[in-house]
Amino acid sequence: MTFDDLHIGSILVSTVRNAPVLIFAGMAGLFAERSGVIDIGLEGKILASAFVSAAVAFATQNPWYGVMAGMLVSVLLATLQAYIAITQKGNQLVGGIAINIAMSGLTFVVAQYFFQQGGRTPDLGSARLFDVVLPGSAAIEGVPFVGWLYAHLIGGHSVLVYLAFALVPLVHWVIYHSRFGLRLRACGENPHAADAAGISVERQRYMAMLIAGVLCSFSGAYMSIVQSGFFLRDMSAGAGYLALTAMVFGNWRPLYTFLGCLMFGFFGAVQIQIEGVELPLVGRLPGSMIQMVPYVLTVIVLAGLMAKSVAPKALGTPFVKSR
Amino acid sequence: ADPKLGIVYDAGGKFDKSFNQSAFEGASRFKKETNINFIEVQASSDTQAEQVLRGLARKNLDLIASIGFAQQAAVQKVAKEFPKVRFVLIDGVAQGPNIESITFKEEEGSYLAGVAAAMASKSKKIGFIGGVDIPLIRTFSCGYAQGAKAVNGKIDVTANMVGTSAQAWNDPAKGGELARSQFDRGVDVVFAVAGGSGLGTLQTAKEKGKLAIGVDSNQNGLYPGTILTSMVKHVDMAVYDAFMQMKNGTWKAGVYSKGLKEGGVDWALDENNRKLITPEIEKRVMGARKDIIDGKVKVIDIRSGAACPV
Amino acid sequence: MMNKDLPRWATAFVMPVLNLLSALLVTALVIHLLGESPTESLAILVNSAVVNPEGLSYTLFYASTFIFTGLAVSIAMQAGLFNIGAEGQMYFAGLGLTLAMLTFDASLPAWLLIPVGMLGAALFGALWAFVPGYLQAKRGSHVVVTTIMFNYIAAALMNTIIVKLVPPGEQNPASRAFAAAAEMPRLNQWFPILGETPLNISFFLAIIALVIYGVVVSRSAWGFKLRATGLNKHAAHYAGVRISKMIIIVMLISGALAGLGSVNSIMGSTHYLSLNFVGGAGFIGIAIALMGRQNPVGIFLSAVLFGALTQGGFDLSLEKQNIPPETVIMVQGLIILFCGAMENLYGPAIAKVLNLKKRG
Amino acid sequence: MQPAVEFRGISKHFGAVKANTDVSFAIAKGSIHGLVGENGAGKSTLMSILYGYYRADGGEILLDGQARRIHNSQEAIALGIGMVHQHFMLVENMTVLDNVMLGSEGGFKLNKNRARVEQELRDICTRYRLDVDPLATIHDLSVGAQQRVEILKQIYRSASILILDEPTAVLTAQETESLFEILRLFKDQGKTIILITHKLQEILDITDTVTVMRAGRVIGAVPTAGTTKEDLANMMVGRPIENNLPRKPYNPGAPVLEVDNLQLLDDQGVKLLADIGFTLRAGEIVAVAGVSGNGQSELMEILSGMRLPTSGKLQFEGKPLPFAGRSNPDGLPRVFRELGIAHVPEDRLRDGVVKAFSVMHNTILGYQDKLKNRWGLLDFKAIAARCADLMKNFDVRPNNHDLRIGLLSGGNQQKVVIAREVLAQPKVMLVGQPTRGVDIGTIESIHTQLLKLRDEGVAILLVSVELEEVRALADRILVMCGGRITGELEIEEFDTTRIGLLMGGMHKS
């Protein structure tokens, strides 16, 4: 196997294209969990917003309406989660899992009811969000490396991809350098301290959940109206759990979470490339063995890094005023 | 009186863009033509398959079509319990005086797809995207490769699988991603055998201006102009025929393996891909088709235990 | 906190019933929108899942698997570990069981085959949980992450292996069927009224497992240490618990329990190992552990409820063409939502009603 | 003049518990007002009502003569009320600066204000002689320093009414003195201060007036000048408190625990303990005095098996303690406990109890393996009986063993822990901060228990930052500073100034 066989360029582009689903959801989870609310319901929110985005984009033939509708639904679900976690002081894991399961069923039922295509929406056709072609791409295309870099790695993606990448420094700034972030972290770490400092823990957590809802919706919208061009039942395929994994992996910090998301995207792309290729030592692995590459690598990285993850201290515990 | 008919889909469900859906279409055509209704159910697990078959058999149905190899064991068992009820098993083999088992020579149809792909490819690199690495999918992939190599021994065939779980059939994003990656490696024709995930592949081919080959039903019309052809597997016909025979009283038990000759599989040529199929391609494919039907070319079926020759 | 003021009958009976009704109400709405009659649907569901003996038998069959996966998740939760990997553990355990059967089903008698199969399943299930447990204990790798990863790895590995077990000439990605001796004795031998259903002695094994779990967790010294570890690691260390050993052992037990779930699914029903035979039972185990509060009675009730939904929902979609089978998944979600996550929804209202009465 | 704060008929109940009943009293502006009472008397509840945490069931609060409804802490802060809570309200993984800014950031962008606030904090620190680095992270700070951060927060926010709920529970005498310096400064600035404490000497030292509460009611409100410790104690507990508890003459037995050349390095190689050596004999109480954070906690952890030393010779009854060949302390506390070393941990909520367990379950924590039968099962009937006995003998209130221990007051939790360890009939008893946050009545009973144990021949190692407590209990005193033993004295040589010097690191000459 030579270096060329690996198609590094293709791997990188694929990494960039795959990462947004995880980045949006990962950042969503970050807001929720930094405020002290476990968000295992990312999966359900992604799925619901993927469906609604696609359905509305199809009905209106305008992808942006789709994105907005998806956002609305995702925010509604996040509010429900918040109501459970904050107002009802219920079990946050149960709430999240309930939403995941319910959405898996509901999206199918509704999609089937409206479109009669087996839980699928019709093809969005021109109502998809198309890739941005950077000006001058065609001209520079031929130049070795630089052309590829400009036209394919940096350019040639959907707006949502740029939004995802732009989000990372923004989230970092908000979490660490804004008043909102300071209060957010305090609520996740020691809500009693925040409360004593005159901060409404409940309000802060609600806001965090709303933001999580908004961010998560992009994940779903990206999936259905950018990547696929339609909605398919259960198309989130575990992305929510993977995003959560990236976040834990990243120790609840935006930049590291981002790296975790890229890592999954990267390993996934590597896995595609080495399928059917003669590998040194092991030779040609069956496709199904290759499928486990990203996950095995993740475990190795995790065990090797001695990633003693430190979750926000108050994560998962409803805030009750007396101690 | 009209026969009482039933159809049992497997976990993929009747809209799986694959054999279940095809079966549904066949049954629907029958219904439209004869106005005879049928009961349809989905069995989500092997345990449920047995349960539902028994349930339908108790209702004294005349014929039950069981779609998918997952129901093989259940059909075998329930058919014995209800000798008066007849069963059609699609994609699997069960023995009994009241069972008709129909399998398809997917390798033959895929061979034609391989020939067409090899002819249409400019880069001489073609791709295959399967749902899950199971014998059925490997049969497609191996037949495809055999056809392509028959055209050009040096042609490069890249194969990828979407995943390993049931989700692999419903992951269009991954189906698309695999296609992109293959295109990046120079592939310009890709054959998608991955249910719902394959839709992502077809879509991406359209976007990237490459060619794709559909599967199971005629998918040429999905993206006219970019779908080179479809490897059709006539589950619909099998179900339609079985229902029709039941109605006409000509139904017979037995084990049937349907290839090109029996009209079980074929390639699709219609107005949607007419422009893509040049006379040379058409000639070559039709030639191969004839050779297989005549027995001059023998396409290896890896399910018989043979290794894939290419 | 308000519930403390409520009488026991209200919290233990009235509130759960109200919650269940709420979930059903939402479901009724959806069914109505789908154009079917909610009352008829409910009747079908109840009849098929509990009234009809054959249906009940199926309900309990599914519940048997769910009890095992629910126990698996619960025991880990007692130690403060969130084992999301029951799905993969049960899947991999199916391999252990199958290898044992393929090796011995021709040579061993039935009364030995069953324990051997159970052992194979428990061993492989435990093995699959061992690595995440070990990494958590020794390397501090988050068990949530590693068990999720191990689910994916199990899926890939099992796919590779099962394909190799397919007898030549077969289409179905499944092993050969086991000899009849390797079938779990079915209860319909003794209770013919149950009909041709796969309910088998696994159900009793599940009940025994529940009892053992209950006794060990709440009555034994080890269970005491287990719970102490889950509630306060520092205090557990102070009390002399070897925390890393505890984590590893609990994960082994958890994996073994999940593994035993496969005995019911395979030896009790299909008699062969097939692709994706777990079908989400491991994930349902999470819901059951959470809803059942890791309490044996709670686990039992939730498992039966989910078994009933699986069975009843299946019949419902069979009878009502407008209701797709996926509706059941939605109902499951709604029930978890109302009965598990928002269990206190009606607490304040009930308190108000009771107060009014007291005053009036 | 208008009182700064006036409570009028405040009542508050939690379920069946009447935490406050018709509480009325007034606090003059610019005064320091003491609030004393037993654990659970309702002091914290009353203050929480003032700070907007809880809503009173009845009654009203007047600030500067005006009736105010305070719904939450935000409103309290806006009204100029500041509170230093019984348990620190700090976010551990944030810096001092961020903790101070939390809630009063002065704009959406933090960075814009960070530098300004940092400077302001440094100024405050100089002005009030507070030794705090604004950029330090809280979890790196000693409890004393954390306490100073709480004060810093209040100064920064310039609260005009300051509530301090047991601020001195974790402070050394010196730290307490410097806190009081600041309080006096505040008073001079015209601020009003409410001080809750269990240490009556402090009431006498600094307050102008004092209110005594018992069982949710005000028992008396008097000017400090006209009262004595005895009077206050009498009002609080309803009986006189014995200061000099009876004890047998000092007559130590054989050495039980010998420590020689003990060293402990942390992961970064920093010395936490160096050259520790001493001998503990049967029937004596050796007290380890020192400012907290100078290695006492680590010493206790090593001796109880919760932590491994880096090196050193430790002998128990002439045989080495089983550290050899271990790479981690997993399970070691159990081995030590079986040898006869009991341990009352300093941080009872973290180490000593499982809050979610009932009192009964907590009475077997650590001894679960000794009590199991051959099936590995615990006989909870017998354990309940044992627990009932224990609760009676040690006067644990409320006398209900099914209650979650987290719902007990700190003092009662402490009684349970001590009772549990005493019941094990140990040879050595390690006791860390046994009376932190505990009221005088309970202190008396805990001290009585410890002395009884000593008289029965148990060797007791006591870590305490309270010199009062050391004086009351110890036969010998070790003083620690910077991880070393800086001095050793017999109880006859007890001298606060000298001990103070040793605690500050002045070596024995």
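Labels A, B, C and D are assigned to the chains in the order they are written; within every chain, residues are numbered from 1.
Assume contacts are C-beta pairs under 8 Å (C-beta built on N, C-alpha and C of every residue); 3 or more make two chains touch, one makes a residue touch a chain.
For reference, the UniProt names are A, C = ABC transporter permease; D = ABC transporter ATP-binding protein.
Please read these numbers as outputs of a predicted model, since none were measured by experiment.
**Q** Chain pair with the most contact pairs?
**A** Greatest number of C-beta pairs in contact occurs for A-C.
**Q** Roughly how far is chain A from chain D, centre to centre by C-alpha average, rounded to an integer in Å?
**A** 46
**Q** Go ahead and note the Å separation of the Cα centroids belonging to chain C and chain D.
**A** 46
**Q** In angstrom, rounded to a whole number, how far apart do the mean CA points of chain A and chain C lie?
**A** 29
**Q** List the centre-to-centre spacing of chain B and chain C in whole Å, with centres computed as mean CA coordinates.
**A** Distance between chain centres, rounded to whole Å: 35 Å.
**Q** Using the touch definition from the top, which residues of chain A touch two or more other chains?
**A** Expected reply: 119, 233, 238, 286, 288, 291-292.
**Q** Can you list every residue of chain C that touches 2 or more other chains, as numbers and ranges?
**A** Residue numbers touching two or more other chains: 152, 155-156, 159-160, 163.
**Q** Go ahead and list every pair of chains that touch.
**A** Pairs satisfying the touch definition: A-B, A-C, A-D, B-C, C-D.
**Q** Give the list of chain A residues in touch with chain D in this complex.
**A** Its residues touching chain D are 177-183, 185-186, 189-190, 192-200, 310, 313, 321, 323.
**Q** Chain C touches which residues of chain A in the complex?
**A** 84, 88-95, 97-106, 108-109, 112-113, 119, 233, 238, 241-242, 244-245, 248-249, 286, 288-289, 291-292, 294-296, 298-299, 302-303, 306-309, 320
**Q** Chain B touches which residues of chain C in the complex?
**A** Residues of chain C touching chain B: 58, 61, 152, 155-156, 158-160, 163, 166, 168-174, 177, 196-198, 265, 269-272, 274-277, 279, 314, 317-318, 321, 325.
**Q** Residues of chain B touching chain C in their complex?
**A** Against chain C, chain B makes touches at 11, 13, 40-42, 44-48, 50-52, 54-55, 69-70, 72-73, 81, 91-93, 103, 132-136, 163-166, 303-305.
**Q** Which residues of chain C touch chain D in their complex?
**A** 4-5, 215, 219-222, 224-225, 227-228, 231-232, 234-245
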